[in-house]
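So, here's a batch of structures to check.
What follows is chain A paired twice: with chain B in the first complex and chain C in the second.
Coming up: the complex of A and B.
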């Protein structure tokens, strides 16, 4: 029997950060992970292939700071990568340093419009970031408390920030923030690969199409930390290693290959956890990085109110992004891509309309016949070369299930689609791995294999994330908190959910 | 929650409809959960006095009945209701209330502990979806038995004699006991009148045979079929609450905070904080000492029924209203159940109610003093005596 101040169930990104934050505040913390290694969904990989996540764009400097990691950490600064929007006619479009170029290096006519639009969205992202960097507003702290004062200050700052935008821009912000990305992008740009790239970024990981409401918010969310995309040095594994290191340095006990079989409660307060191998670990605070329905089952439904269990059962989390890893024969460049763009993020989304059309089958539990793809080339430590691709839409609940033939079809569609824009790519491929959302769910526990654990839609944001009544991390009995991507502000290897949860838990149990 | 009645369908007949229709000289049917139920069969006064002096038969089949069975039934029910159901032994019936997450009462009802891991919940409001929500994560099967089980309420001082005459041996039944007296008949010593009485439960299809048997046995005991209006007077005398009248079932309210906690309804004795978590427990812990209003029983000055009247404190400030008010023929008092805001409910000496009266085309108001009382207005010893008296 061991005694801790806090136990974190699930050693994914948010679990590691929550543990490290608590550890650095002087708490004796134990982080428990079921799998053989930490990192959860971000670093999940099969048979030595590339990890699920392949780039960083939203990792919060604030979360890193509270975890004790220098934002200039070599792994995290890594290498900034440009984006290429692939075109079937070979005239690809490159986005770099805030400008848009044709394949031949001349500036694209839509460069200015794209720059202005993304700049605006980034400004909005900066405004909204302060909402992400704290628990959602509306806590029940006493009106004269420090927490309430801080909350008022934060909201006031948002108000002042909005005001500072100027009347026209403020009106525009309020107009677009809840809108759909299709309309907003096509207001400023003709439909084509530039608009397609923005539409694709707005729906990545989501069960929405560019015409779905709230997709502008998704794009703003993505650009919340400036929109710079980084390939971490050493890959996602190195990021996880850095976080594990930080948690260790903060004094956390790290248990992997340990499964929590029960979260223990006595007199309506958490007392610890019971592991599958029969250990009892005591702590007055348990943070669960596991999805809320699973956390509920681990704790026993009788300690939650019926409304709570009803709401968490109805959280929408339908993963639509599959991972297709294409093993390349060698380091040789891909046909049609300039050498300087060798490591770029390749987007296949020739138009916003294409992205919307790709979404249509997903509504009816089918995979896209012409999918939207984000692919990044990576070299793994073993010297193997891969094209790591996120392919949409491949819904977790596909009609008939993810049979071998469905998997093969998805792999083939991915290769065919990429080969259309990069003719000859097919000849570079020597092996494939296809990981569908249901596999991701089975391996990591993320509901629906959704990388935010819960759809980032307007009805599941802020005070409604993951559901009404559970938005401030506390979940049922005293001392139990949720800290996963399903909580505010969400996933994307951002780390704020874990950090906010840890700070809220500390405040609550003070 | 009001049931929607399809105008094309109209009210539907219950299992005793033929029997009731034969006697329904007043033809006063009302809508009870979609069924045609008698408000009055011939005259309310006759029916009421039969209930208090002889015995009465009232069809309660429209009540919602749910069967909850399975290894986790006790655990599931204990999370659902505020009282500790582990204390309701097999063969016993328990009155219970259940609350939402804010601690507001959803409904009240009776829990029948039929056998190990086998229970029946009997209540006024439709509760199936709520029970299904409450059963998630528990090994419990839920069945809506509302339309499978017919039930009759036999109440009054001669009700035991009627059953005896029908050849049913239930002399040993104490209040809140129940027994499967025959393969097709369960009898519980329960009721909604505060008097000696029983409730009889059988298959829907065997309802008429049961009616005939009881009716025949009641020939020499003054048995009378009655409607709801007589029952309503009896239940107010007993101080019992009606959903939608004396409290607002919170699932049927649309405005925020119109619900009431058990503490506000005088049902705090049904809340067992020491049994572990139950729905609304955390909210109730914080609300138990700060009721916003209280449901009080009071004597009303004069003889005019005060139903619906507003209550004032010293004529100036409106502090509540009467939810149920009648002239009690047995207590010989003008009585009422009332919601009164705090803190006025606790210093009630100055409470007055403004009763509207209509006499031969002339409306008038009169201010009547309210005197709070603590006990039931009528609680005869015969209701509890075991074995019960025959007259």
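Coming up: the complex of A and C.
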């Protein structure tokens, strides 16, 4: 029997960060991971293929700082990559250094409008980031407590930030943030690959289409840390390694290949966990990096009141993003792409309307007839070359299940779609891996294989994330906290959920 | 009728909101003129006889949202308004079954249990949740939406009222409220119910008049928008105005005239005149010019600004916001004269629910697919229909023994897509008739003999609604009811309090807060703003003040 100050269930990005933050505050922490290695969904890979997550754009410097990792850490800064919106006529559009270019290097006529729109959204993102870096507003702390005072101060800062925008911009903010990305983009840009790229970015990983109200928020969320996209040196595994190292340095005990079968609760307070191999680990504090329905299963629903279990049951998490990894024969550049864009992030979304049409079948539990794709080229340490693609929409709950023929269909659809924009790509492909949301769920436990563990829609954000009444990390019995992507502010290899949860837990159990 | 050329105020458009604003101003002693382009008044709250002996409520067809404060202030019952509630409703299925909605609680419970015992239990929690939201929102309808960017005492006061109300809910309930306001009606129903037919029946109010699907976030609010009314205190109840919806406009007009108001019909406004940023009056299409220091436009914001004022002098961000205002036609309407009561084989004889609203949609997916068709620029293959036969309750609508049927159709696009070309010009007679056939096929799910009963039929696509009533793109709410166009964002940020950038020009229609429906609230609120800004005594009297 071992005694700890805190146990973290699940060694994904947020679990590692939560553990490290607690360890650095002098707590004796144990991080327990079911799989053979840490990293959870971000570094999940099959048969030596590329990891599920293939780029960083939202990793929080604040979370890193509290973990003890230098923000300029060589692995994490990585290499900045440009974006290319693919066009079937071969005239691809490149987004570089805040401008938009045609394939021949001349500036795109929509460059200015795109720049202004993204600049505005980034400004909003910067403001909203203040909300992401603390528990959501609406706590129960006493009105004169320090916590309440800190919260009021944060809100006041946000208010001042809004005021600083000026009246017109402030009003515009309050309108835009509630709007849908389709309308906001098409107000300023004609529909085409530039608009399509923005629409695709707004819905990536989400079970929603660009016309659904609230999708502008998703785009702002992506741009919350400036919108720069990097490919970490050494891939996502290196990022996870850095976090594991940080957790170790903070004194955390790291257990992998250990499954937690029960979170122990006695007299409405957690006492530790029971592992599948029969060990009991004691701790007055348990942080769960697994989604709330699973956490609820681990404690047993009887420790929650009926309203809470009802709300947990109603959390929406339908993964719609599949991962298709295309193994390339060698390092030769893809046809039609200029050398400088060899490593760029490729988007296939010819228009915002295309993205919406792709979404339609997903509503009825079917895969898109013409999918939206984000693909990034990666070279793995073993020297293999891959085109790592996130393909939407491929709903986790597809009608008839993900049979082999459905998988083949999705793989073929992905290759056909990319080959239309990059003719000849087909000949470069020597192998494929298709990972659907249900496989992601089976491997990582994320409900619906959803990479945020819970849909990032307006009704599941902030004080409502993951569900009303459980939004400030504390979850049911005393000492139990959620620290995963399902909590505020959400996932995306950001790390703030884990960091906020750890700080909240410390405060609560003082 | 002789007309002076100078007034204290001119209202452009004799819709129910324009007339409401005019009536309040007249009661406050102002000399008010209402100008209307059609030969009749009422806008979209209108009764017309297009086939001898039958009366149609051509556009809006049932009443609930009309604020009772307004009905009392303007003495509408005295001027002939009678609203008769109807009870029940039903959704019919293709396999000959139905789900009946009874206003009698026990009957409804039995009927729900027939489809799903679990849903019968769940209904209580569902209706309580909706009722709580109704109670929360109702006090805001006759108040101004505060401008969050302003520090004026009025705005701060309204904001404080909002915060007080929100705080009064308690943190859990406030959370539920925020969730309700931002979620889709499909998700909300999925949380409560399991039966497809029951969910489809309840979902309809979440999409009526709206360019959104049942699974689009924000449609739970649209449902609320249809539930927050009342008849004689029965919150959420709907009814018929005796004599058709025009009876409402006629009663308001009578109240207005009784207080010295004048209505000029048959000539639309060519231009709203202004000089040095101050409104002067209006020039009509028939050449007449009327002057007034105040003009209130009952037209939607797009029509008002884009077609009837000089935009050169307006702030650019304002005109841009108006141009980007979303006002999408998504509904069509069929009004049908029937030679006798049609046969509903699935319904028990003498049942009460045939007097209510009837539908034929069987699942949320079917409704969502109807929305997908609309997004592509086609009318829905299986549209949501809301059909009623008011002549059962109101005998003035049809000759003895005959009946009148009103059928609301969701979705139908304004810019119809023919071979990839999207344009309102594509609405030819042939297309309109083809759409009517689609709708008749839907109706025949409930009453197979419908085609044999039709004596006369009026088919209105969004284009007809735009042409006749003047609603841009035929949008029945004068603008989408999405979060980015509600409350302080309605119609555009910074201009949510009825005044417009031209001094003396006001908006009094549904483009303004709190939005569409035959509610009268935008009209009353606009009148309150006008009296405050433009008159010396400044205060409106009455319950709506």
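Here is the rule we go by: the second predicted complex is superposed on the first by the 510 of 510 C-alpha atoms of A that agree within 3 Å, B and C clash if a C-alpha of one lies under 4 Å from a C-alpha of the other, contacts with A are read in each partner's own complex, and residues count from 1 in each chain.
Here is the rule we go by: a contact is a pair of C-beta atoms (placed from the backbone, for glycine too) under 8 Å apart; a residue touches a chain by one contact, two chains touch by 3 or more.
What you see is a predicted model; the values in this text were computed from it and never measured.
So, does A:70 touch the first partner chain B, the second partner chain C, both, or neither?
In the superposition, A:70 contacts neither chain B nor chain C.
Looking at the overlay, what does A:408 touch: chain B (first), chain C (second), both, or neither?
Neither partner.
Which partner does A:469 contact after superposing on A: first (chain B), second (chain C), both, neither?
both
In the overlay, answer first, second, both or neither for which of chain B and chain C A:340 touches.
neither
Quick one: is A:302 in contact with chain B, with chain C, with both, or with neither? Answer first, second, both or neither.
The first partner, chain B, only.
Just to be sure I follow: which residues of chain A are touched by chain B in one complex and then by chain C in the other one?
469
Which stretch or stretches of chain A touch chain C in the complex?
Spelled out, the residues of chain A in touch with chain C are 138, 140, 167-168, 170-172, 174-176, 178-180, 183, 187, 208, 211-214, 314, 316, 356, 360, 363-364, 457-459, 463-464, 468-469, 471.
Tell me, which parts of chain B touch chain A in their complex?
Residues 75-76, 78-80, 100-101, 130, 133-134, 136-138, 276-277, 279-282 of chain B touch chain A in their complex.
Taking the touch rule as given, give the residues of chain A at its contact with chain B in the complex, in rising order.
268, 296-297, 300-310, 313, 469, 477
Enumerate the contact residues on chain C facing chain A in the complex.
Chain C residues touching chain A: 147-150, 171-172, 174-176, 178-180, 182-183, 187, 191, 212, 215-218, 317, 324, 326, 365, 368-369, 372, 375, 482-484, 488-489, 493-494.
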